[in-house]
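Just below sit the structures, each encoded as structure tokens.
Each of the two complexes below includes chain A, the first together with chain B, the second together with chain C.
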Partner chain A sequence: MARMKFLCDSERCIECNGCVTACKQEHEVPWGVNRRRVVTMNDGVAGAEKSLSVACMHCTDAPCMSVCPVDCFYTTSEGVVLHDKDPCIGCGYCFYACPFGAPQFPQDGAFGMRGKMDKCTFCAGGPEADNSAEEFQKYGRNRLSEGKLPACAEMCSTKALLGGDADEVSNIFRDRVMNRDGKGAGVFGWATAYGKGDAKPSAQEKVTPKVEAKP
Partner chain B sequence: MKAILIFAGIALGLLVAGCGDRPVATVYKKGEYSGKRDTQPWIGEPFKGDRLAWERAIKARSNGQNEYSRAATK
Partner chain C sequence: MNRMRLTRWVSCLFVMLTALCGTAHAQTPDGAQQQAQRQQTQPGNNAPVWRDVRGGENPYQTTQVRGRETAVLIQSGGETWRQTRRVFTYYGGWVLAIVPLLIGLFYWRKGAIKLKEKPTGRLMARFTDWQRMIHWTVAITFCVLALSGLIMLFGKYVLMPVFGRTLFSWLAILCKNLHNFVGPVFALALILMILTFIKDNFLKIYDFKWIAKLGGIVSGEHVPSGRFNAGEKLWFWGGVMFLGIVVSATGFVLDFANFGQGRELMQLANVVHAVSAMMFVAAFFGHAYMGTLGTEGAYQAMRQGVVDETWAKEHHDIWYQEMINSKSSTVAGAQGLVIPTTIKQG
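After this line comes the complex of A and B, so read on.
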């Protein structure tokens, strides 16, 4: 097993925010905290609009880990960058260091003080007993220990967002690039996944009555 | 005599003034993770320490994201 990685195919992402919703729902992330979000470039420009789903990229040489004054970050054997919320002081230095804006800070306390840092865990929980109530409350669900991949990637409808072992993700993406026909549904892989369809008329065509011109 | 004592006191003070100077250069220590230790994902209940079974499960899930291979097995 290599390292766990995310890959987002901008040719396929349709900005549906399904990944964001899946993450929020899976981990019961508090209001105002976005572990994952969809970034759109050239918004509204026909033909030039591209979207990308962005979260913690679980960097190999993570800048957040380098700058943390209390050294609360660690990398798991699968290459997932996690942190312990107990020593975290919520200073926000990791937020300045992260090129993806991944660290999030929930409002905590009566005066809206900045709480301890929260970020994407690659659905791998944190340094608490696996699948315990403490782990869920602090870090969210630990899907990796259940043999599952991150909820965002598994929920992605167009499979724009891929997650998992870096070698496997690379193979899938390579396969996709070699096979897609370069435009429209071919880029999305729709016909490959669901078949090219036969000559049957669509449902709309079936119900639409033919109107003949009257003299 | 008094003047000598005062002079000696001042001289002694000046002599030892530098002794309280501490090095101000920052010494960088290699960061050590300060939190709790985490367990491997295959240690827990569903896999009970069977790393290979866990890797197989993850690989199967990963390949499930590839519609080209899914379409080929139809």
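After this line comes the complex of A and C, so read on.
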């Protein structure tokens, strides 16, 4: 059986937020809920800027599952961590425990009371019948049941975000690492995009990265 | 003079602030600098960035998604919290199971503290209407909070296997809402109760003797005490005052999640809240036992506000003498004799 995993290639992510938009659009998530987000490290620092798209990483030993007081989480046979919204009491413990900040809580009622938790489902829906109206309303589209991969990864323009069977994902990534020419612009595939030889951006390589503050 | 000092102080503060801001602006995070250099020597080696992802938010870490701590990629506190929670759930559970057992054992072996002499039938006012009302407000809200809190913490292991998940989750949702809305009522009532009872809870010399003899609970003798004995005073300062305020303060941090507090603060608040609340409940078992089953006539004091003269003499002799000596305070109505004339005759 496949074991589903996300992987974001920090050399390819260009912080376009296409994955974030794809996710919102696919699942029609409510305002204020962000199942996926792109975080940029060292934003504006020349030579050190890296972006990563992050959502629920579908942990094998999921902290959310361990701390949930009503045991609403479960792992599918494909290794996707899903949750049942019906028993969820909105205590926020999964949010405290999650390393990635994946669990989201729509505000429900007075004093910022938390509603039912919402998070990335790896486009695998929830416990309701596949592709039922109820499932869509609570968890969004169930693409996995239709034989499709998560919308965010499918939509990624630079193929930085990979989602799917862990073996496949790691094969692709290993391939990339092996074939990167390992220098400057070559790392992110300049040669692949613009051809080899003269077109190689010698100017790019000679640029001295200057560390300076963001304006 | 004062004005001058103030100006000097303000200018000093201003200089310090500018210095601080200056350094803050000039610095780029170490990780970013390292990464920029690493990119030169070893292209594709992102180790400095990967070390940074657990470092929380720095000014150079951004995201388009709005919200609290959204620019944090990985927070390590969650795992610490998860492990800590496992430990206190385990030991706390045992403490809360063993304490009532020990109290039960004590009651079985020693029984209740009975009056040695016959009740005289003359009653003394011990608690006013206000004092009883505030006590029971705190007591009832405490019981609601304790029960709902314990169900949310231990229910997964104790009740869910019995009820099934659907039924238990209904109970847990009810408990969460009760806990969230009764909590602030408890905190308010607690403060009023502290103000009401603080006057008679200051430690006196004779309280230390009481503590040294453990209130005579082993020897069976009576150790002199005022309106409240040292055990009650310890419950007041350690339980009601200290644990009560700690539990309320951390509870507010967790209850009102809409003030932008971060996960680290809420994890810490949750641990402190749960640990102190379990200590509070364990101590409460002792208080509830002494006030009902453990001491003959004690429950009546808080239920009806009056105690028998014999009870007062045997449990709170110094208070009894004070009440007899100062008839004026009985007129004030706070404490003292309900039927002063009969006492005189007696």
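Keep in mind that, in the parts below, the second predicted complex is superposed on the first by the 176 of 215 C-alpha atoms of A that agree within 3 Å, B and C clash if a C-alpha of one lies under 4 Å from a C-alpha of the other, contacts with A are read in each partner's own complex, and residues count from 1 in each chain.
Convention: contacts are C-beta pairs under 8 Å (C-beta built on N, C-alpha and C of every residue); 3 or more make two chains touch, one makes a residue touch a chain.
Please read these numbers as outputs of a predicted model, since none were measured by experiment.
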Query raised in the report: Touching A:Val70, do we find chain B (first), chain C (second), both, or neither?
Result: both
Requested in this report: Check the residue A:Arg176 against both partner chains and state whether it touches chain B (first), chain C (second), both, or neither.
Outcome: first
Query raised in the report: Looking at the overlay, what does A:Glu78 touch: chain B (first), chain C (second), both, or neither?
Result: first
Query raised in the report: Touching A:Phe111, do we find chain B (first), chain C (second), both, or neither?
Result: second
Requested in this report: With the two complexes superposed on chain A, say which partner A:Asp61 touches: chain B (first), chain C (second), both, or neither.
Outcome: neither
Report task. Please work out whether A:Asp86 is in contact with chain B alone, chain C alone, both, or neither, and reply first, second, both or neither. Result -> both
Requested in this report: Classify the contacts of A:Asn131 with the two partner chains as first (chain B alone), second (chain C alone), both, or neither.
Outcome: first
Query raised in the report: Once the shared chain is lined up, is A:Leu162 touching chain B (first), chain C (second), both, or neither of them?
Result: first
Report summary line: The shared contact residues of chain A with chain B and chain C are 66, 68, 70-72, 86-87
Query raised in the report: Which part of chain B faces chain A closely enough to touch in the complex?
Result: 31-47, 53-55, 57-59, 61-63, 65-71
Report summary line: Per the touch rule above, chain A residues touching chain B in the complex are 1, 65-66, 68, 70-74, 76-78, 82-84, 86-87, 124-131, 142, 144-149, 153-154, 159, 162-165, 168-169, 171-172, 175-176, 179, 189, 192-193, 195
Query raised in the report: Which of the residues in chain C end up touching chain A in this complex?
Result: 25-26, 28-29, 31-33, 35-37, 39-40, 43-44, 46, 48-49, 52-53, 59-65, 67, 69-76, 78-79, 81-82, 85, 152-153, 155-156, 160, 165-166, 168-169, 172-173, 175-176, 180, 255-259, 263, 266-267, 270
Query raised in the report: Taking the complex as given, what residues does chain A use to touch chain C?
Result: 10-11, 15, 17, 20, 32, 34, 37-48, 50, 52, 54, 63, 66-72, 86-93, 95-101, 107, 111-114, 180, 182-184, 186-187, 208-209, 211-214
